[in-house]
């Protein structure tokens, strides 16, 4: 079941094709919305690789993303480093930074692990304002970061290719024996140990993979928006958006977080004309809460069930 | 056939029938408003834009074209600001953008401005770095204008206030700076320590920086008291109401002045529950407590008859939006739209608002090679200001406003605009 | 016959409670031994110490003459020892074959990524323990207790052990399933597997073991062949005492 | 020195007051209610609406703040904690989402701008050159009274002992005929009530804003983690450790480092001593 079949590749191909053709169908404004949806999808996949699979719930994911964002922003803006170097370095630094939340995971889990990661995010928020504000830009953040693209179409193609590459690679990895082992880690850590597997090694793999994706997404994000501020980066609202995207779409899958990210971003944009202010988040949050309470397995699962019922009805 | 090409005939069909129904030709001019819809300053700007556009449409529009307003919320968040700017540029395809964005948000969407080149007027952000961009890249920034005096001009006039009032009148010799730990706080701290001391002869005893999430200022006020300074200079944009409320609740026995963004609004008194007395703040003009010229007074009358919810009076940026938007549309009317000639036509706009036969407010621009005499540098596309009495070349860049214990704001500096005295709160002993 | 597993003077204390009280035994290659005793006698605690899930308070454990008392569970399993649990603990959302795969997949992350799973081997194992072909793609929730035990056996066997510790391997099984598992154990014995077993199903256990050690309150009370031990009055009274 | 002691006592009293309702839920339900900060916010805004916008007496404002907080607690139990029973992580996620929903609801009703509450009791005292607002002295006193009251309630009353029983062994308690459902409702209700009252004091000391819930939530989490789960006395002591630590950091080291020590405390304790200083039991 976890193996790669032709129909999967056909589905991925169709997905890629639709995305590639998207600029022909929709306005530039919609493309801009897609760009943010793509980045959110990357962050959601990163969260899911760690928390959705292994069960180590991270409440501090913006901490990881923030490392990538700040690393590339500081290196390219303050030290004039070319983007070709600053982005890979930022990804590396994010992976190193993830060790900080990996070490606690060796001792604690569940609510306690979630709280530690939350504390790390808050700590990062405060430190970034105090330590070397000449580099981090303090409370105001960093402006005028070199942007990689100009125009909605280019931004769309860049974010879409990145999202697709991340999603497809993550999907491939999850189809390997490593993916099976990571899922097993989330289900029964003790049994996994009892089967002779080093859970430490597997956890490290999950953290590194998640940090890799977070750092990559964060670094490209920084070079897309061109401006970052700690208040909106190390923020509970941002964390909320990532987690909700995964849970709504369906955790433990790759397509789920993508569906969730697209659904949420477009919902927010759809509401903009009716509720221009922060009131949008009320409807957004209420929908998220209801879906989470009554459809905890997410939209993907719901679609799957509908599809099966439809097939059952047709047959 | 793409959806776009399929939609086109439908859309143009609708458009044609609309044209045949209305005798007026062409599509409307679209004006985008970008700002924080839930903040008082954002709302001031938005309402001012609505009033200005209605007035223009009622008098026949711009060259027969009606003007339509599209809004985008920034939530005072840089990322939301970028999304909002993109929405205006790409989804709404506006012709012109008027912005009530704070500094951070304007800086965030600035790369998008450079990309789209949609004529844009800033009415809140005052960061002098943006004006420097106009100086360095006149071609790329040609469609950008800022009709609030840049922060360097604000600070310069404030130093004079220190010399003329704080030192000469109150006898204050030393200051303790209580500044939020932000880039803005750092910049103003730098200006004050470098200029207030030598120019006004006031010694800086200590600089206390605090985190913007601070809830409890009591230990900070104790520290300020212990420094032995004569007064507190506060620099507070984010947490300003909380800081001043606690100042009053704790009855800190030192005068406090400086930058307090919360006190720039007319709702300050009710928001702080009366706990805002004695606080003075610099304010870009038109400020709270400032008398108005007849044209602006009429705008306020319209505003107050139309909107009953807060803010009951537009903030300074509301006036800037009202007058600035009208100027931008007038420039577009002269050259037939927001195309190539617009920037040059906008540069020539010069609105002189008189009160009692004197120049009261001026909405004109510094030209590219024009040197401001006091600072000795240029401010292209920044609103024209005057830094020394009698302010006959432009309005002053700012006034100092103080909330007295009767619950009213008074302008206390400069002399020409003052309608009240700078006083100490009742619990503060005189020097 | 050479000794493969040696337990020497094993002691485990939980506060004041002595759960394992100076237990020693040696298991030889191909031998099949059982630990007998009432509930709470300390049998599972001994299993857990051998596997490294619990750290002993005193004494030592040797595998092929190498001391393993301080090694992590994964390292011990690598040295070809595996166990099953009293209550099966399968991976709830993985299929039967994937559950087996966990047992035999490589240890290095790189190999996990690179190597394709050996489906043929997984099927063989599943077949060997008597799981039906139709169940291979099912999840544990859809299996009977008997099938879960078989799955546990298969997953342990996938670790390619030479010594297997079976904990209550017959609990919750139908008579038919008991004889299926018994047959499997006999067949594996014939292939050279060494067993240490615990079960309350004494009639089923009897034909499978060479040696028995009776334990009560953590300490050994008798040792010998199955029949000898069962005839020991101390053993009888400890069992009767339970009832 | 006097200044440190007076300011430390006042801040700690406030922290103890906001932490106690959270401790109660954590000890009985073993649940981290991340929407707890929102109780404080609800309490503060209800008081603001009643006593400042409607102009009714402050006492009515305080009572209604408590009542609405209690109601919020009961609703949260009925519609979130109960349906997700046992799944701690799911409750945490759901309460986190709820906190955001409440935050947006407050923005819709009251707007985003900061509001200042009139002090419950206006005026200040000057002690040895240190100013202390009456309102804070009252909050400190009230926090002691409430903590002692909750302590006595839990130890002495029938319902309180039943709460202890449920916290230690839910199944055993059920066998003994304790109605776990009822006990849970009482706990969530009281927790909401305490949160509402604490919110009035917290907001009148600081300010009201739709984002004010995060700060006190973090402080509360720190107090409960360091103090030990469900230890009421631990809550009191650690509230003082953290309160004094903050005042000392602000006065002697650097004001901007204030929150950093709290965060480090959380991280260090969770990793190295998850049962806290006075905790009874470890939560996996």
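Going by the order they are written in, the chains are A, B, C and D; count residues from 1 in each one.
In this section, contacts are C-beta pairs under 8 Å (C-beta built on N, C-alpha and C of every residue); 3 or more make two chains touch, one makes a residue touch a chain.
Bear in mind the structure is a predicted one, so any value in this text is a computation, not a measurement.
Asker: Name the chain pair with more contacting C-beta pairs, choosing from A-D and A-C.
Answerer: Pair with more contacting C-beta pairs, A-D versus A-C: A-D.
Asker: For subunit C, which other chain has the most distant CA centre?
Answerer: The chain lying farthest from subunit C is B.
Asker: Quick check for you: compute each chain's CA centroid and the global CA centroid, then name the chain with the smallest gap between them.
Answerer: A
Asker: Averaging over Cα atoms per chain, report the distance between subunit A and subunit D in Å.
Answerer: 32
Asker: When the centre of a chain is set as the mean of its C-alpha atoms, what distance in Å lies between subunit C and subunit D?
Answerer: 50
Asker: Using the average of all C-alpha atoms in each chain as its centre, how far is it in Å between subunit A and subunit C?
Answerer: It comes to 42 Å between the two C-alpha centres.
Asker: Distance from the CA centroid of subunit B to that of subunit D, rounded to the nearest Å?
Answerer: 39
Asker: Scan subunit B for residues touching two or more other chains and write them down.
Answerer: Only 38, 75, 181, 211, 213 qualify.
Asker: Using the touch rule from the top of the page, what residues of subunit A touch 2 or more other chains?
Answerer: 126, 129-130, 277-278
Asker: Would you please write down the residue numbers of subunit D that are in contact with two or more other chains?
Answerer: Each of 107, 112, 254, 256, 259 in subunit D touches at least two other chains.
Asker: Quick check of your reading of the touch definition: is the inter-chain graph here a line, ring, star, complete or other?
Answerer: Looks like something else, not a line, ring, star or complete graph.
Asker: Mind giving me all the chain pairs that touch?
Answerer: In this structure, the chains touch in these pairs: A-B, A-C, A-D, B-D.
Asker: For subunit A, which residues count as touching subunit B in their complex?
Answerer: Listed in rising order, the residues of subunit A that touch subunit B are 24-32, 36, 126, 129-130, 133, 137-141, 143-144, 147, 150-152, 225-229, 231-232, 272, 276-278.
Asker: In the complex formed with subunit A, which residues of subunit C make contact?
Answerer: Residues 51, 53, 72-74, 77-78, 82-83, 85, 89-95, 98, 101-103, 105-107, 109, 112-115, 117, 137, 155-156, 158-159.
Asker: Where on subunit A does subunit D make contact in their complex?
Answerer: 57, 59, 103-104, 107-112, 114-116, 118-120, 122-123, 126-127, 129-130, 236-237, 239-240, 243-244, 247, 277-282, 284-286, 288-289, 292-293, 296
Asker: Quick check: in the complex, which residue numbers of subunit B touch subunit D?
Answerer: Interface residues on the subunit B side: 36, 38-40, 75, 181, 208-211, 213-216, 218-223, 239, 241-242, 245-246, 249-252, 262, 267, 271-275, 310.
Asker: Could you list, by residue number, the parts of subunit D that touch subunit B in their complex?
Answerer: Contact set of subunit D toward subunit B: 3, 7, 10-11, 52, 107, 111-119, 124, 130-131, 133, 135, 205-207, 215, 247, 250-251, 254-256, 258-259.
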